[in-house]
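After this come two complexes, each holding subunit A, first together with subunit B and then together with subunit C.
Presenting the complex of A and B:
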């Protein structure tokens, strides 16, 4: 039956089309061999470090220990996911991650845009460079160092209390022990660290804006604010959308380094995020399968968020995807 | 098609048969009484009275030794101590280090190194050692019977698996005899600055009321100091949990060897109330609950606490010594404090039978004779003296009372050339079979600042073997429950101490008890009780 199906004129025609396409693809590949050669290491890297490890996700459905092989560990089906659903600490960590990320997103998304526009509008070069350097600086410090500084600043005799006492407000508490303040501290300190660095892409886009647009607007009597609103911001549109898509998809990926440094027994109910929870269960307690199951669940939700945001941004952006 | 199917069936049947035979053969070898029967015979005369390494004249022996810790110094044969080991054993060791991922890669690949050292006697690696390691006593019988003279029976029995064999031998395993010998020291004490003690007059730190008053007295005389300090909370519940419980002599089990919840002991809770009063009076800094280990040590080295509930003063020895050297009249010293309101004596703990690192010889070792010789050598008096003090006459001399002193030349290097002492001598650092009973032969093994603290607690040292390794197995529902309860206890204990009033204190404790119930504490405790009973049985055997 199969042999006779292959002999029909339609099948013959289709086969010829496929052969032609393969030939065309191959000749194009040969023609672009320099470009393809440059891409090849990246593809090999992705296969080795991104695609092959996907196999490890089967651990989420197994009971795996250090003496097992991935294939040899016994299957447990959905058991790990069933436990996750009834795990109060996991849901607390989800809630904390979303809370901290939401504050980070709302502040950390807008601030770099405002900062970039402000830096762009500074007319005096040296001052512009000083501001840029100072705002970039925290990005280059690790959380180990910044966390240590924060713990010190927020302690009973720290910088914050010194300032408050100086202006007449009597204060002597350790702010990191107050669980209710943790979300704010985590989000603000992250924004402080990364806002300056976040301006780079926007400044790069702004450098490419045609100056004649501003000159024309100025001739038409547009104020500085109007020029920013009607020229600069629309020109940044694609970059803003791209950043938005990437930020939303990273909603569940709150900073592990920051959490491990700033977390203590008192703020833990509000500071435990998904990543630190996975680290604690998976690495320090050796429950690899459970940690993999949590990681897999979070990755799936992140992909769904990425796709949804991309679809929405396409609708806003005249059906053009920024990804 | 039919013929292909038939051929396929024949092949499948043949493969199944081969696999079944292989499996049976594997089972057979696992059940065999002597796992060392198939190993090559020794090439030297085996004697029970002479260490085998003295008789074995074979040359060019090599072993690969995996240590599951990235910090382990991999060099071998380049310093005074390992060069002597290399010479004595005619052995070159290649050390490999890593973490659990690397260890897993070894198991997954099926190619194991000759020797494996891990650090968790409750891990799956230790529990399944019979599948991948060789039984030590049988190895010793075949290649080096002198091993039975240097290995401690109590430690061997503690590590005996259900099949009756011992596969791993630990470092720093303290036996009952070690506890009685006076050769191992306690590591916890309540310490107060000398100048503070003399300034505040006679204070009774042993009762809750006296303790609260004593801390207030420190605040009044030394307003710039934090009166009461304790260890950081980074990895555990500071020195305010088991260390205080040991000071109060809180029992470790019920009378019938069931699990006893020491955290809810009435005597202990009474002392937590006292700490709450000290905090409420402003005599505990809130920073103490947020400081990490480095910050705590920094504060100790600058003497910022009037008094400290100190857990493991050995690991804080450098900082205590730094402060004592700069301020000899203010150095910290141990005093009687935080005593039981029910008349119990302190029961200070130290490392137990499980010890620290555990060493295994794998079934794939290419030189089983040399591997067991290395174990025996490092466990022997000779090996222990070498790894702790170097070579007699060259780096140390023996005193008439059995203690040890550095030679003048070695002492000069120790005091003035720290890098040379570590790199060229490697003194006291080759610890894979280390034990404190040898370290104690030389007082200078510890910094001067902690000698008085060691002496203070010596009489209270009490083993806690019965409650070693009693947590539910990793990955079980009970292990997850216990983890949740312990996390909650950390928050609860600190909240109780920071509570504004006695009624807040009581309601926080009540909430914790409910949390325990909601998280399956009965089942967790039942597993702990079963494990305690198994331990008691092991100790009785």
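Presenting the complex of A and C:
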């Protein structure tokens, strides 16, 4: 009698309940029309500026030329992705992105933790504040400004050569024209810019550590280093894993501003990253579909990395998801 | 008491423990301070070098050989930059887009966050799910470009303002702040016959100044520093902000030095002075305002981190 289950009195009753609930929901929705009207512009914004571009990703499976509309362009299936796999320039850009990110990640992840602990241990307030103020500062420079600065520091009669000459090393080269040094320059300049700012969240966590933990450890004769190792670092655990998950998922995210300003004809083989490749192929050469496919492929890999690192960190962190 | 005995048993020198500990932390403090000073100098010296180089005469720039103080100071670099009408125009665009952008963005996000802060809002789950999706997924560069193009925002001043109106990160911060406003305040306003809009404007906004200031500050820096919007969507030089001007100057001088022509060296040094002065003008508002607003930034970041 399953076919006619709809007609049993019980189901009818339930159906009436659903209708009533929907009606009630709507009447409440209309009753809150003022609030709903306030939220509407934001919803419209998200649909236009976030969800329509997500729909635009279908371009990756089409052959779009400037005369077409997105929906009018012919489907080509996986063709774009097939070309990507045999594209030497694409793989170069992937390799550069990963190389730069790996250096950035290994330094830029550890340094803020060390720095935060050091700042936390400063006993004298004013010195603490001076250090913080000065190390946060570069975070507020745009990459264009920092790029302009780097070009000066690394030029033939720039700061770096002056310092090397002062120390007794005879040096006069333009480091940005040396492709082999680009990965280091890109990663180190990023670390220089963000290391101080990266300490903020750790310092916020440390401000909440119970001081009696330290007092007890001191009573037990633990040295300063031991106290840091056995109390401060474990207390930072969650924040450290959170930052690790986020930075590993950013492995493929390459900094377009930085690349555009530091790239020149000499270092391009080592400085082209995925984003700048997408920019060049898509917007300057007009191959929209191919560039979208590259971008889509990389975002999918990033999301997969995010999910994997989150699962792994859950295992490490007693099943506590950090996301 | 038990603990003390144990320490004494484990460590024969426990009687002197207090002293040796103090000694140990003294060494620690000295090493810690020295390392922090070195780290701070690594930040400060390069920045100072740029500041002082921008005041160096063309000749000292070409001779080089200074880190802290050039052989001759001069205002020539600034003079030649400030004579450039395009730079004044770029400054105007930067100021305008920052001012309008900050007000529009903060208000837009606050208006969205207010209803969302109410647990009884119908459709709340859907709205916040949409918001979270925008934080993790996007169409990327090309689909966004095509959208901006079809909206007719290419080469329009409004491309600086409209696409930057909304950020779900900022909405989360504001929403958490609005939740802390006591419900009784709103209820009493409601009893007095105030509309939701009126409550938002006269009760919520005045009470949320710290959160609003945080969002405004962050968006202000983002707008001032933003360069990609111009690079992607603007070709009309009249709409270039300072960042794009600076980019242009840098790229042009890079291209000149790429050619490696000996005759270019003089030109290169002059353009280096121009570049330095432009960097300083672009960075000046940040350097001047930074000491005053820094603590708000720090507070704001924590506000976002604790509940975000």
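What we mean here is this: the second predicted complex is superposed on the first by the 270 of 323 C-alpha atoms of A that agree within 3 Å, B and C clash if a C-alpha of one lies under 4 Å from a C-alpha of the other, contacts with A are read in each partner's own complex, and residues count from 1 in each chain.
The working rule: a contact is a pair of C-beta atoms (placed from the backbone, for glycine too) under 8 Å apart; a residue touches a chain by one contact, two chains touch by 3 or more.
Quick caveat, the model's predicted, so the values are computed rather than measured.
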(request) Using the overlay on subunit A, decide if subunit B and subunit C clash or can fit next to each other. (result) clash
(message) Contact-wise, after the overlay, does A:279 reach subunit B, subunit C, both or neither (first, second, both, neither)?
(response) second
(request) Check whether subunit B or subunit C contacts more residues of subunit A in the superposed model. (result) C
(message) Quick check for you: in the superposed arrangement, does A:244 touch first (subunit B), second (subunit C), both or neither?
(response) neither
(request) Figure out whether A:301 sits in contact with subunit B (first) or subunit C (second), or with both, or with neither. (result) neither
(request) With the two complexes superposed on chain A, say which partner A:103 touches: subunit B (first), subunit C (second), both, or neither. (result) neither
(request) Classify the contacts of A:151 with the two partner chains as first (subunit B alone), second (subunit C alone), both, or neither. (result) both
(request) Name the contact category of A:36: first (subunit B only), second (subunit C only), both, or neither. (result) second
(request) Could you look at A:67 and tell me whether it touches subunit B, subunit C, both or neither (first, second, both, neither)? (result) first
(message) So in the superposed three-chain picture, is A:225 touching just subunit B, just subunit C, both, or none of them (first/second/both/neither)?
(response) second
(request) For A:171, select first, second, both or neither according to whether it touches subunit B, subunit C, the two together, or no partner. (result) neither
(message) Which segment, 6-14, 114-122, 204-212 or 258-266, is the subunit C region that clashes with subunit B in the superposed model?
(response) 258-266
(message) Quick check on my understanding: which residues of subunit A belong to both its subunit B contact set and its subunit C contact set?
(response) 70, 151, 155-157, 174, 177, 264-266
(request) Over in the complex, which subunit C residues touch subunit A? Could you list them? (result) 3, 7, 11, 14, 17, 21, 24-25, 28-29, 32-33, 35-36, 39-40, 42-47, 49-50, 53, 61-67, 108-109, 111-112, 114-116, 118, 120-123, 127, 130-131, 133-134, 136-147, 151, 163, 165-166, 171, 195-197, 200, 221, 224-228, 231-232, 243, 246-247, 250, 254, 257-258, 272, 275-276, 278-279, 282-283, 286, 290-291, 294, 297-298, 301-302, 305-306
(request) Spell out the part of subunit A that touches subunit B in their complex, as residue ranges. (result) 63, 65-70, 83, 87-89, 151, 155-157, 173-174, 176-177, 264-266, 268-269, 281, 285-287, 289-290
(message) So in the complex, the part of subunit B that touches subunit A is made up of which residues?
(response) 100, 103-104, 107-108, 123-125, 128, 131-132, 233, 237, 285-287, 289-292, 295, 474-475, 477, 479-480, 483-484, 487, 490-491, 493-495, 498
(request) Note which residues of subunit A are touching subunit C in the complex, please. (result) 25, 28-29, 32, 34-36, 38-39, 41-43, 45-46, 48-57, 59, 70, 115, 118-119, 121-123, 127, 130-138, 140-145, 147-149, 151-153, 155-159, 161-163, 166, 174, 177, 192, 196, 200-201, 204, 218-221, 223-225, 256-257, 260-261, 264-266, 275, 278-279, 282-283, 288, 291-292, 295-296, 299, 303, 306
